[in-house]
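Below, each structure is written out as structure tokens.
Both of the next two complexes hold chain A, though its partner changes from chain B to chain C.
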Partner chain A sequence: MSLAKKNSAEEGSVLVRDILRNLQKDFRVEFRSRFAVNIAVSFAGIVTISISLTAGGAPFPVKVQSILLWVVLFFSAMNGLAHIFVREEDQGTSLFLRITRSADSIYISKFIFNQIFMMIIGTVVTPLFVFFVGVDVIHVLHFIMSVIAGGFSIAASTTPLAAMAAKAGGKGSLFTIISFPILLPVLWISISSTAGALNEARPESGTVIFLLAFSGFITAISILLFRFIWLEN
Partner chain B sequence: MKHVINIAMKSVYVLMPVTIVMAFLWAPPAELLGDYSRIIYFHVPLAWVSVLAFVVSGILSVIFLLDKKNRFSGLDGKSFNSAAIGLAFTVCTVMTGSIWAKLSWGSFWNWDPRETSIVFILLIYIAYFCLQAALAGKSSRGKIGSSYLIVAMATLPFFVFLIPRIVWSLHPETIINVNRTIYMDDQMWITLLTALISFSVLYVYLFNLMNRIMVLKHRIGEHPHAAD
Partner chain C sequence: MSGIRYTLRVQDLAKKFNSTLLFKSISFSVETGGSLCVTGPNGSGKSTLLKILAGIMNPTGGAVSLAAAADIPPCDWMNHIGYTGPLVNPYDDLTGLENIQFVLKSGNYASRLDSLLRQFNLTQHRDKLVKHYSSGMKQRLRLILAVLNDPPVLILDEPGTNLDAGGREALSSFLDLARKQKIIVLATNEPGEEKLCGGGIRLG
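Take a look at the complex of A and B:
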């Protein structure tokens, strides 16, 4: 094996090791307090039950059901997605991470953490919403794909923005202000895709492809830019 | 070279009145919309300059982040200025677009995919100015602002090209003729091209002016009594 190949293989294994260590640390810290997950799941539960209670069993049109599902998912996620970076700044651990880990490993681990967080939110909120609001899912596979692709896009788009908001002082409202415009197309397409799964007509797969393409694109750009956001000089 | 650029920029004083005269007096009215169709000579160039300004701000941000030796000064400020001009032009695009929508479709706002896309773009750049305000006084302001502008620029193709194609649109291949297809005669095309050139020169003129003001403000900040 040539020296260059050996070096790149070593760099790769160091990157994977750092990502796993970061993830381990993030999950330990998160599940010690369970702050973000508790807040997000409680918020989702309260809102879903409130919607069902105030509707009093009256059926909503398909479009309204789909809008409400994504409003609940979006605001539940907003409470926790920025937390992963804000916590590092608040607790003063970001400087330590900057010194000991590469920017790439930090970004990838935070990205994976946010994706898992969003999956947990989706897994809890969606069945709860379907049950309480009485959603009649006709195209189950498309519905699941829409929720997964939409959640993936939300987590992918908000991860770099959470880092920016944390650097700006971690003001909660700032994160919502800067991420909402980027997430609007994701929400719009997710709502349209989910509504397609609740209608009798055959849903179009273009919406799911758009969501995956958008998140892939944003992730690629974010990986390239993260070192500029994360490193001071 | 600087002298030539100055003259080119000052041509805006001639080009803009010429465009206005051509749009209102020289170009013929379209068949279906009549004189209302003249708004195309302002709406389309405004939209073009908005996208141009945002792309320039994104490209300047890329150069700013890659310029480790600091060979180009004030690039973050210049990208900020370009984004500011882009935002102002986007507001004008939305205004002229809603007037056109009222004339064509009967209401000022219809949430057509193109209308929706321009609102998304508007919100993204408003958010950029909020971020810049939140980062005031921080050393990381330039880098974070530039990173955001690059992300914003990267999303532009989705809004400008993709969304209007995957979501059903009212936005016609312009409803200016009876058969509802783009048909513009030579005078109309020439007027539109002149308008596009004029508004692009106007953008360059404003951009240069704002950059000069920025440099002057910086100098006054460094030497507050220089004017005494």
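Take a look at the complex of A and C:
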């Protein structure tokens, strides 16, 4: 094996090791405080049950069901998704993290953490919503794919925005404002894709592909630009 | 610790925050076995200078280089520099040992870890959550985290903050031993710590 190949293999294994250690640390800290998960699950439960009780058993149109599902998913997740970076600034640990790990390993681990968090929220909220609101899912596979791809896109888009908001010290309000233009197309397509799974007509798979491609694009750009957000000037 | 000799070179360093000039034209060089003390009143830029040396902050002008057999690129400095300062906070929701394991780069430093824990008197507190540490214990942990991976360059910002007499003694005996094998740059206004350095620069 040539020296260059050997060095690049060593760098790769160090990156993987660092990502795993960051993830272990983030899950340990989150497990001990349970801040993000508690808020997200409580919000999702309260809103879903409130919608169900207010409707009083009357069925909503398919488009409205789809909109409500994404409103619940989106707002349940938002606080937790921002929390992963905001916590580092709030607790004053960001400098410690910066001197300990490379920017790439930090970004990738926070991205994975947010994807897992979003998956947990999706897994808890979606069946709850389907049950309490009485959603009739016709194309089950397309429905599941829409929820997964939409959640993936939301987590991919909000991770770099959370880093920006945390570095700017703006916390919640700034995060919500800067995420609006980026998340608008994601929510739009997710709602339309989910509505397609609730209709009789055969759904289009293009919406799911768009969401996955959008996530890939945002993630690639974010990995390249993250070091400029993360390092002090 | 390898026998490689390093040189930390600083040339015409300047830092400006908006229109406020913090310092300019700072030049010096320190080799392995040398130490430098940065002193000056509060707000004179000691911590900023140390952050620039540690590669955490970019200067407005000038350059910092760390040379061994070949120049080390700034992206690789993290592996060669041990830095601590008042704003380096370990994770409150992790134990002292978990914070140390997070920083530890290789299992080869396990025996060094035991000796550092003993030296800084943290062995019996290693399994406590850091949020239950006193400020002096947190400072001892910060020092252990900075020196744990045996970096050839140590950049220490106010290392004696919050330490009691025992802690200060442990710090000065550690620095006394380390300065023969490393480059040490420390910012302080403590006369006791200034004496540990071979040279000094004053800001402000």
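In the analysis below, the second predicted complex is superposed on the first by the 231 of 233 C-alpha atoms of A that agree within 3 Å, B and C clash if a C-alpha of one lies under 4 Å from a C-alpha of the other, contacts with A are read in each partner's own complex, and residues count from 1 in each chain.
Assume a contact is a pair of C-beta atoms (placed from the backbone, for glycine too) under 8 Å apart; a residue touches a chain by one contact, two chains touch by 3 or more.
Nothing here was measured: the structure is a model prediction, and the numbers come from that model.
Looking at the shared chain after the overlay, A:214 reaches chain B, while chain C stays out of its contact range. By the touch criterion stated above, A:43 is placed in contact with neither chain B nor chain C. Between chain B and chain C, it is B that contacts the larger number of residues in chain A.
In the superposed model, A:85 makes contact with neither chain B nor chain C.
Of the two partner chains placed by the overlay, only chain B lies in contact with A:178; chain C stays clear of it.
After overlaying the two complexes on the shared chain, residue contacts for A:228 are found with chain B alone; chain C is out of touch. Contact with chain B, but none with chain C, is seen for A:188 once the two complexes are overlaid on the shared chain.
Applying the stated contact rule after C-alpha superposition, one finds that A:28 touches chain C and leaves chain B untouched.
Judged by the touch definition given at the top, the superposed model places A:206 against chain B, while chain C stays out of reach.
Put simply, chain A uses residues 232 to touch chain B in one complex and chain C in the other.
Within the complex formed with chain A, the residues of chain C that make contact are 51, 54, 56-58, 75, 78, 83, 85, 87-94, 98, 102-103, 145. Of all residues in chain A, only 160-161, 164-165, 167-169, 171, 174, 177-178, 180-182, 184-185, 188-189, 192, 206-207, 210, 214, 217-218, 221-222, 225, 228-229, 232 touch chain B in the complex they form.
Put simply, chain A touches chain C in their complex at residues 21, 25, 28-29, 32-33, 91-93, 95-96, 98-100, 102, 231-233. Only residues 65, 116, 120, 123-124, 126-128, 130-131, 134-135, 138-140, 143-144, 146-148, 150-152, 154-155, 158-159, 162-163, 166-167 of chain B touch chain A when the two sit together in their complex.
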